[in-house]
Each structure stands twice: as C-alpha cells, then as structure tokens.
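Before anything else, here is the set of structures, which you'll find just below.
Two complexes come next, and they have one chain in common, subunit A, joined by subunit B in the first and subunit C in the second.
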Partner chain A sequence: MSAVLTRRRPARGKLARHGLAKHRGPAAWLVLAALAVLTAAVLFPFALIALNAFKPPAQYSAHGPLSFPDGFSTGGVSTFWQTADFGRALWNSVLISGCVCVLAVLLSILNAYALGIGRVKGRTWILGAFLVANFLPQEGLVYPLYDMAKAAGLYDTPLAVIIIFTVIQGAFGTYLLSSVLSTFPPELLEAARMDGAGRARILWRVVVPVSMPTIGVLLVFFFIWTWNEFFLPLVFLVSNSNQTVPVALGTLQGQHIMNPLTTSGAALLGVFPTIIFFLIFQRTLTRGVTVGAVK
Partner chain B sequence: MTAIAQQRKPGAEAATTRTRGASSGAAGGGRYATYLLPAAILFIVVIAVPLALNVYTSFTNWTGVGPRQWAGLANYRQLVHDSEFWASMWHSLALVAAMAVIPTVIGLLVAAALFDVIAKRFGPRLASVLRACIYLPQVLPIIVAAIVWGWILDPQYGALNVGLRDAGLGFLAHDLLGDPHTALLTVMAVLVWFQLGYPVVIFMAALQRTDPALTEAAEIDGATWGQRLRLVIVPQIRPEIYVVLLTCTVASLRAFGWIYALTSGGPGEATQVPSYYSYQSFFTNLDVGYGSAIATVMTVIIVAVSVVFLWAQRRHAL
Partner chain C sequence: MPRRKTVGLLTAGLLALSGALAACGSSGGSAASSPKVLKVWWYEGNGSAYQIAWDQAIKDFEKQHPGVTVQFSLKSFNQMQQNASMILNSSDVPDVMEYNKGDATTGLLSKQGLLTDLTSEAATYGWDKLLSPGLQVTARYSPKGVMGSGDWYGVSDYAEYLTVYYNKDMFARYGIGVPTTMAELTAAMAKFARAGITPFANAGNDYMAMQYLYEMELSQSTPAQVQNYERYTGQVNFHDAAWTNAVNTFQDWISKGYIAKDSVGLTATQAGNDFETGKSPMLMSGSWWAGTFETEIKNFSWGTFLWPGNTLNAGSGGNLFVVPKNAANKQLAYDFINDTLQPDVEKLLANNGAVPISDSTAGVTNPLNVQLIQNFQTLAKSNGLAYYPDWPTPSFYNTLLAQTQDLMNGASGSQVLSALQSNYDQYVSSLG
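Take a look at the complex of A and B:
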C-alpha cells in the first residue's frame, strides 16, 4: 500500500503542481481579497499614527484624525519629547536592554555548557526549573523584589532591573541553548580535547564560535523583550530620570495630561525604535520565533 | 535518498550521544557543575527567595512597612468571598480566549491560506510580505500599542467615533471602553489584533517542514480543503500548536500593560484582571498580604497550566 503510494506520488505530485501553480481561480482571488482586508485592518492603526503625528494642531481640531494633513508640524512630537524627557528615556532603555541581553546570553552560555554538553546530573529537573521560572508571573515576585531592592539600596536604579531581567531572560536562554548544545557535534569536542584544550578553552574557542547563529538570535530577542517590558520597570524605576521608553509613555498616559496630538506624537516615538529593530532584525526575528517554537 | 538520510539521522545521533554521555559523564560531570554556580546564586536571590517570601506574605497582614502579622488563611478566605476577585478570574478566561484560542484558530487558517494558496499561486514573496505585515503589532511594546488603541477608541476625538460621525453613522458611535457592557469585548478585540501575527509566523514555519506529498495525496483522494487542514496538516504541526497555546495562555495571564493603559480595570470592575488587581492591592491599597494571595493564586495557576501543557506535549511527542 505505502509502496504503491510512494511510487505513484512523484508523477501525480508533478502533475498537480503543474496544473495548480498557474491556476488562479475565483477561490484563490477570494482568499487573496480576504487576506488583503485582514492585513489592511492590522495595519490601520499604524497608518493613523503616520497620518496624525505631524498634522498641524488647527487642522486636527477642525477636521479630526482621519483628514489628510495639509501642512507639516512637529508640535505634537516635540511637545511629547520635552514633557517625557524622551532622549533620557531612550538612553535608559538602550542601557538596560543592552546590558541585559549581553549578561543574559553569558549566563545562558555558562548554564547550557554544563547542561547541554556537560550533561550534569539531574539536568532534566534543572531545565524544567529554568523553564517554569521563565513562565512565572512577575506579580508573584514583584513585592519581595521591591522590598529587597529597597533594603539593598538598588530601588529606582537601572541596576536592579538589569539584574532581574538577566535572570528571567537567562532562564529562557538556558532552556533554548541547552537543547541546541545537546546536539553539538561530539567530534569537535573530542578533537579539541586531543589538542589538550581545557573545559573553559573548549567553551570559548569551540562551542561559542560554532553556536554563534543561535547566540545572535538570543541577543536580538533579549534586547527587544527587555525593551518592551513594562510591569517591573514601572514598579522599580519611579523617578523620571530613570524611566525606560514604555514607562515614560505609560506614566504620562496614566496622568491623563495628554491631548490627541501629543498622544499621536508619543505613539510615533514609541513605535519608531521597534520598527527600526524590526527592519534591521526582520530575518533574525522570524527565524528566531520559529527556533523558539520547535525546540 | 533523502528518506534514507532522514531515517539514519536519529539513530546516528542517539549512538553518538550515548558514547559522549558515557565518557564525559563518568569523567567529570561534577566539574561542569561549577558553570552553574553564577546562575544558581542569581536564581536563588531573584526567583526562589522572592517566590517563597510572596507565599509567606500571603498568610500575613502587612502594609509594606513594619513587621508582618500572621493571619493564617484569612487572606484566602477573603479572596473566596471577593466578587471582584472572581470577576477578575472570569475576565482572565476571556483574555485566554482572546490571546490564545482565537489567534490560534485564525492563525492556523491564515497560515494555511498563505502557505497553500498565496505562496503557490501568487508567489512566495507576496506571502512573506503579508506575513510580515500581520506580524508587525507583535514587535510593539504593549504599552505603545495600548496607547494607540486608547487614542483610536477615545469617545470624543478618537478616529473610530469621528469616522463614524463623518460617515453619517453617528448613531453607531459609542464609548466602547467606557461602557461596562462593551469594555471587555473591546479589550479582547484589541488583543486578537495584537496577538495574531505570532501563531501565523510559527505555523507558516511549521508548514514548511510538513510533507507536501501527504497533502497532495489527500487532495487527489478528493479531500476538501477543510478536511486536509483538519486531518492532514493539523496532526503534523501539533508540537507548534501546543507551544503557541502554552505561550499565549501564559502571556494572557500577564495582561497588566493592556489593562493599565486601556481601562485601569474599569469601568467599575468590568475589565479587572488578577494581574492588575494584585498591583492595586500592593501599591494603591497597601494591602500587601492580600495582593500576595492574589499573586500566589496566579503563580499556582500558571505553573499548573505549564506543567499540564508540557506533559501533554511530551506524551504526543513520544
């Protein structure tokens, strides 16, 4: 039965592919139309931001958010930039996300070396603990962490947030990188051992360079995930000079002092960095999402 | 040829793993453990101790200053009789539907349509452009996306109601987030918009590793598109479906940013969720013991959900 199937398959497959590939029947056009409508709906908010971010205030109040801009004004953006001290917030976000992604990757590499290649005893349980730690709701950790940070003098400092996210992101990185390293080619390790390389040397000279593609994905992911975090930074970074981009946006929104134009300016400034990341890292991102899923 | 290669790979891998495991495991598994030391210390300080302290605090009365007073199960007893807590739990289920169930179902249809119809008949380039556009909301910080939607849905100057009024449909204009009957549904719709791209990207990648011969065979045997999707494609990408459902469910229980920026749990308690409720108890009501009890319940639920999912996934993988 299966033999017959496999023997017949190539011919029929070719036929089917040849017959269908160029055929765009009404059903295919219908599917395309439905997807086009869906995509337009998904993109609609982005279009609205673009339409309104630089609209002159007079036109906004007269014709509303849907009118096409008849002039160019940076009023909304610059007002928001000043009220939120946005330059400062950008710098804080870059600092925190940058430190977290490097430190969390380092932590993941050390753990994954012991678990994936060293095959330390009880590794299944250790990996399970890391995975659960990554899933834990931050609400269940926040108050004790807040209390401890106050006692240690780290409250309202970027360092507190960096330490916490290094552990949370590192927990995910450990899980992912361990499963990647558990299929590391043993010949490479054996060859390095023959050459007299010690464990540390093998890690930094053999394992890390070979695993660079996965490590690169993790760096990008940790950076963006940390950049987008809101809950813990909101609790820990209370003073304006320490706030990250999402916290600066969120607290201004919470104070209800924004008008429509500063809101669209704020939205533009909030969207802008992530769109830049998206364009730079698009390939890494889509590849990385899938790596995370299959492992 | 490829079939042979694929068949041999797992065997070869298992063999090499076994030899490697034997040599390094016997020689010095103990010395590799030193690499876990930094993580062990950080893990204890940042995860284990706070987790234990939170559970302990949930059995006490505490305002955040001074000593905790032991209260036994009082916080949990209060929780059981607290209608706002139960409302928040039901709203969580609604958010699981909006962030996990609905995006998984729609995402499966969209991914299959992109993979099966668009990529094959209109070219893979168009398919990947559409995929990128649908994924775009996922890269936004939640708070930014929530601010944008709060602005669109604003009853006075928001694009939605202004647009309806301009089109002469003013009678349809509605304060969607301000009406307790529509607030939760509106938040759910926004969450679907945000979340959809994630399953689409994962499922499209999953479809690429499925065997096209199976789908073609089913097509030749006269299976309809729906039958092919249900009986041929879904079983092949089951691991990805599990992962998407798990990660989206966990994400939906952490909907703090959305609620904070869109509704603050209101109007009334129409969109209250455990995450926001615990935050309010901690930092607004200064009832830290009660907040800890809510957070402990959340932790137990999320750990239970992840364990069940991982167990189910493992069982299917074997």
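Take a look at the complex of A and C:
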C-alpha cells in the first residue's frame, strides 16, 4: 500500500541540489541577486513600520516617517493596546480563526471525499456552485447574511462569523481537495477495501493521512485568511468586546486624522500573530505529513 | 502516530472552544441596556479635543444622574460609516452616538426612520437658541433626508471649517506678511516657489485636493449657488464660470509648483507631516488639524488665516450626536446631549484646538485657539459657511477624488467638469 510513498525523494532532492551548487553559473547568481533585492523590497515596509512603531512622537513630527529614530518610545504600541483592548481582540481572533480553520477543513474533507473519490454525478457543476461563495463579493452577501444572523439571534456574536467563514473557506477547500483527491491512487483504496475497511475507515485511515500535505496547507491558509478578514467581522461584530484584530486596528483610522505612530504600532502587533502561527505550523505540519504518509 | 495525536488533540480543543463560544454567544445578547446604563458611542480618537471634552460631559452626566453609569465604546469611523443602518436596525443599539452630518449620512438614516426626532427636545432644552442658524443647517433634515429644513435629528456641540495653516518662521525668513487678498497670496507663493519651496502641502489621494478646488470655486460662487449645489434647490451647472475658474486655477497652481504635482498619491497624514516638518510653509485644511499641530509642532511657531478673498468658505457644524430610534433610554440620551453643550465642555473643546459653537473666547488661554474661534465667528456671522464639496451625493467623495487626481495628472478641465456633472445629475434625478 505504501509502494508509491516509499520512493526516496529526499535523497534525490539532495543530490540534485548538490549538483547545482557545483555548477552555479552567472545565471544562478543573477537569480540570487534578484531574489535578494526582492526580499529587501518585501521586508522594507515591515522595517519602516517597526521603526515608526517605536519612534518618539516629537522626532516623527520634526523629521517625518523616513528618519532613523534617535530614541526609543513604546508610546505608540501601548496607546493602541489600551484604547483598542488589544488583548481581547487577539483572543477573539485566535478563537474565530482557530475554529474556522479546523471546521472548514473538516467540512472540506467530507465534501471532497464524496466529490473527489465518491465521484458524484455532476460534480463539476457542484464544485462550480461551491466556488460562487468565493467569487461573489462579500458586499453582495452581506445583507442576506445580516438578515439571517439577526433572525437566528446570532448578530453580534463570534459564532455568526465562525459559521459564515467555515462555509466560505470550506467552499474553496472542497474545490481544491476534490481535485487533489480525484487523482488519488485507486490501488490504495482497493487495498483498503480488500482489507475490509468501510467507507469511514478508508477516509480517516487512508485518504486523510495520505492527503495531509494538502490538508496542512489548507489549515494554515484558512487560519491566516480568516485572521485577515476585515469586512464581515466589521459588520457582524459590533460590540467592542467581540472585535477581531483587523477591526480593532480600524479604530485608529479617524475621519480626518490618524496617528501614524500608533497605527504603526498597531500594524506591528496585528501582523505578528499570523507570522508566528505560520512559522510554527508550517514546520510541524510538514513534518507531521511525512510521518502520516509512510504510516 | 504521535503526530496524528497532536492534530487530533488540537482539533478536539478547538471544537471544545467553539462549543463554549456558542454558549456565551447566546447569553451575550441578553445583556442589553438595563435602565441604569447609558450606552454612548463615538469615533473621535483618544487625545483629541472631542474625546477630552466629551469625557467631561460623561462625568457631568454621571454626577447629575446618580445610579446611572455611562457605558462608553470607542467605535471606528469605518464601522459607523459602513454599517450604521444595519446596527441601528438591530436591538444592539447605543442610546446616543456620534454620527456624520450631511445628506448621505444622518439625512439617509433619518429618511430610513432609524433616528429619533429631536425637534421638541431642541425647543425644551433650548438647543434651537444655542445653535446659530448656520449651524442648525446640518442638524435638521427634511422628510427626503435633505439638510437645512425640517425636523431636528442631531445636535453638534462644535463646528469646523477650512483654514490656512502657515509657518510663521518661514514667512518671516522670506519677508512675507500674512496675505489678505488673493494677489498677496499669489505673490507669496511665487516667492516660495522661486526659492525652491512648494508653498502648499497637499494630498491628492485624500480629502485635501478636492477642498483646494472647492475653495477656488467658492471664490466666484454665490450663496444661492451653494444652496443649489448642496440642497438641490436649483440647477447646478459645472461648466459655469466659478467651476471653470476653479479647475483652471488648480491646474495653473500645479504647473507653477504652488501645489506639488507628485502630491497626487499622498494621504492627508503625509500632507500634515509635510507641514509639521517645515517642508511646506502652508497647508489649507480643516480646523480639525489645530489640536494635532498644537501638540506636535515644537520647532516653529505657526498661525492660521482664512482663505484670502473669499466671502464663502467651506465649513459647517460638526458631527452630530443622534439618538437611535431603538434606543432604550431616550430621556437619559437627551440629558447627555444637553451636557455636551454646557460651558465647561465647550471650554475644553476650545482649549484643546476644536471650534466650539459658542462665540465666547473667555477663558481660552492659547492665542492660536482664540484666533481659530474668531475666524469661525467671522464666517458664521456673515453667513459664509459653504459646507463641503463631497456632500451632495453618496459617491461624490470618490468621484471628486478621482477627478482631482486626473486634474493633477493633466486631464482637461472641461472633461473633469463633465464627469462631475454626470455623477451629480444621476443622483439628483434618482431623488425624484
């Protein structure tokens, strides 16, 4: 059953990389230089935000955003933490994104099992219908969702946002996972069936472990996408005690004026958790994947 | 195997969390305001004059109403602009909240029946005497939601207007006096430009550029034209002399470097910073900057003057305190609104760089603030308040933003005016 999976891919990869290092021609250096420039370009805004987050206000007003700080001030960060009740927002965001990524992945697995492996009739159309949830602009969905949430008594509760995003993310997950599962090696399924495994057992013991790489990626993406969602949480989470991180960041943007230092501090705090999440889970999941796959 | 266990545990943990969340979701809604709580919302940031003054109003209110606590929430401007009608349609409403004045905002909510009519309170509390007629324009809305007549739907305790901020040190260095006519201003700008300095800070990607354009238009406009433009009382022709002059002057200033061409992509925050760092000696913008400049500018002295030569000047009453239709404690809400209009609150506004509605400058210590208030009174007493350029239609802000950017990039003035005309006409005809 693990015939496909025991090929020694890592070793081949190593070999290939080794060979490349020996013959690194001018083209490779050029690519390296281009990548370095690109990395610097990507990191520059972050560096600027970090600089301004800890810049003394007097220096900012005298010399502007590009000046190098002559002192260290945590005023921007701490002002934001207090006015926006950031600890609370952080907790809300973790809760909502955490629930959504797990629930949406579960939903995607179940759907994709039926559509990708079960080969339901008209599956292309079903998948197309699912994708509408992602294609439609959220502004178009907001009024019906608002009425439904109000009728169900869920307006201004995190649960409303969790349900909505579980469905939206689950739609994309179903699409992706279905196409992955439609190329699932039939020998594996057959072998499991011959060993007497039922449908549920095949799903959880064969299909899911083998598809772990995709599922892991979905989990991380769903978490980060949900974390960054602004519009629907803004609409559905009215009370300050329910706000998520991006909505809390919004309280800094006044009608005419915003304080760039506080905003920088807030942006820094807001982006930090997703980076940490990505760094931790990306590695764990990739490693978990190989263990599960070889069994 | 152990890996799968970790993932399983994680899943179980998160599921348990979501279960707990569902439970608290159902209990959260029932905590709606009991009679002893007044829910107040506003979106003016911490440290602003408004927050300082309104905090005092909360203190005064709690003193007068023992046993009532005020539950204040700082909302985001965005949230209130995008969702006000949805929020006010639910049971989760505040008793009193700040909301933007104007047809597309408070006017729209009043038309939708989401706000409480405050007309009789305005008479009993005497708000109709505290607010001068010019300031009442933005407090009253017709059944169609058009400002300037009809019932009271909100009360403002401050005002705002566009003014020129200037760097006194730089004016002195180049031997330039405060301009009182457009000719003097033009001479001053030419002098700065010759010295390689961009006279006016500007932000094309924000509300600023359109406000320059509007001041230029107002220099040749009449009060009747302003009423037509803002209140649909008559035909508006964007190809008239005033608007044509405005686009031509604006482009002339860009070409002479009085306003930097590359400010087309800047935001208001950046333009404000250009003034604060002394990159540009002048900034024409709202009185809402005064408080910020007072705390942030330490390296030079500055002052304000009105746009020279104009009898009409952009300005109006400030944002309103409104009482939602579904508010639980309306009587307390009226009392709170009344507290925001008292002299102690007005004084705090004045001393922190906002423009109070009262004309008294007694007890105002900073001469900058005295000047700010007196300039406003000059406008108010001569009926010179001309509101803001983006008010007439809900999408006019975006239209003006795009069109002024085109103008800065060299588009033809008449094309720009045609675009404004078509957006404007489209909305007005939809009003019926």
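The rule is short, and it goes like this: the second predicted complex is superposed on the first by the 223 of 295 C-alpha atoms of A that agree within 3 Å, B and C clash if a C-alpha of one lies under 4 Å from a C-alpha of the other, contacts with A are read in each partner's own complex, and residues count from 1 in each chain.
Here is the rule we use: a residue touches a chain if its C-beta (ideal position, glycine included) is under 8 Å from a C-beta of that chain, and two chains touch if they have at least 3 such contacts.
Computed from a prediction, not measured in an experiment: that's the story for all the values here.
**Student:** Applying the touch criterion given at the start, work out whether A:Val235 contacts subunit B, subunit C, both or neither, answering first, second, both or neither.
**Tutor:** A:Val235 contacts both subunit B and subunit C.
**Student:** Give one of first, second, both or neither to describe whether A:Leu43 is in contact with subunit B, with subunit C, with both, or with none.
**Tutor:** First partner only.
**Student:** Is A:Gly64 contacted by the first partner subunit B, the second partner subunit C, both or neither?
**Tutor:** both
**Student:** Between subunit B (first) and subunit C (second), which does A:Arg205 come into contact with in this model arrangement: first, second, both, or neither?
**Tutor:** neither
**Student:** Counting only touches as set out at the top, which of subunit B and subunit C does A:Gln138 meet: first, second, both, neither?
**Tutor:** Once the two structures are laid over each other on A, A:Gln138 reaches subunit B alone.
**Student:** Please work out whether A:Pro260 is in contact with subunit B alone, subunit C alone, both, or neither, and reply first, second, both or neither.
**Tutor:** A:Pro260 contacts both subunit B and subunit C.
**Student:** By residue count, is subunit A touched more by subunit B or by subunit C?
**Tutor:** Ranking subunit B and subunit C by residues of subunit A touched puts B first.
**Student:** A:Thr174 in the overlay: touching subunit B, subunit C, both, or neither? Say first, second, both or neither.
**Tutor:** A:Thr174 sits against subunit B, while subunit C stays out of touch.
**Student:** For subunit A, what residues appear in both contact lists, the one with subunit B and the one with subunit C?
**Tutor:** 64-65, 231, 234-235, 247, 250, 253-254, 260, 292
**Student:** In the complex of these two chains, what residues of subunit A are touching subunit B?
**Tutor:** Subunit A residues touching subunit B: 5, 9, 12-13, 16-17, 20-24, 27-28, 31-32, 34-36, 38-39, 41-43, 45-46, 48-49, 64-66, 107, 110-111, 113-115, 117-121, 126, 128-129, 131-133, 135-145, 147-148, 163-164, 166-168, 170-171, 174, 182-183, 186, 189, 199, 203, 224, 227-228, 230-231, 234-235, 245-247, 249-250, 253-254, 260, 263-264, 266-267, 270-271, 274-275, 277-278, 282, 285-286, 289-290, 292-294.
**Student:** Under the stated contact criterion, what part of subunit B meets subunit A in this complex?
**Tutor:** Where subunit B meets subunit A, its residues are 13, 16-17, 19-21, 24-25, 28-29, 31-36, 38-39, 42-43, 45-47, 49-51, 53-54, 57, 64, 110, 113-114, 117-118, 120-122, 130-137, 139-145, 147-152, 154, 157-159, 162-163, 166, 193, 196-198, 201-202, 205-206, 212-213, 216-217, 219-220, 239-240, 243-244, 250, 253-254, 256-257, 260-261, 274-275, 278-279, 282-283, 288, 291-292, 294-296, 298-299, 302-303, 306-307, 310.
**Student:** What part of subunit C is in contact with subunit A in the complex they form?
**Tutor:** By the definition above, subunit C touches subunit A via 1-4, 6-7, 10-11, 14-15, 17-18, 21-22, 25-26, 28-29, 43-48, 73-79, 82-83, 86-87, 89-90, 92, 100, 207, 268-270, 272-274, 276-277, 279, 286, 288-289, 292, 296-299, 319.
**Student:** Which residues, counting only subunit A, touch subunit C once they are in their complex?
**Tutor:** 57-58, 60-65, 79, 83, 95, 98-99, 102-103, 106, 146, 150, 153-160, 162, 209, 231, 234-235, 238-240, 242, 247, 250-260, 284, 287-288, 291-292
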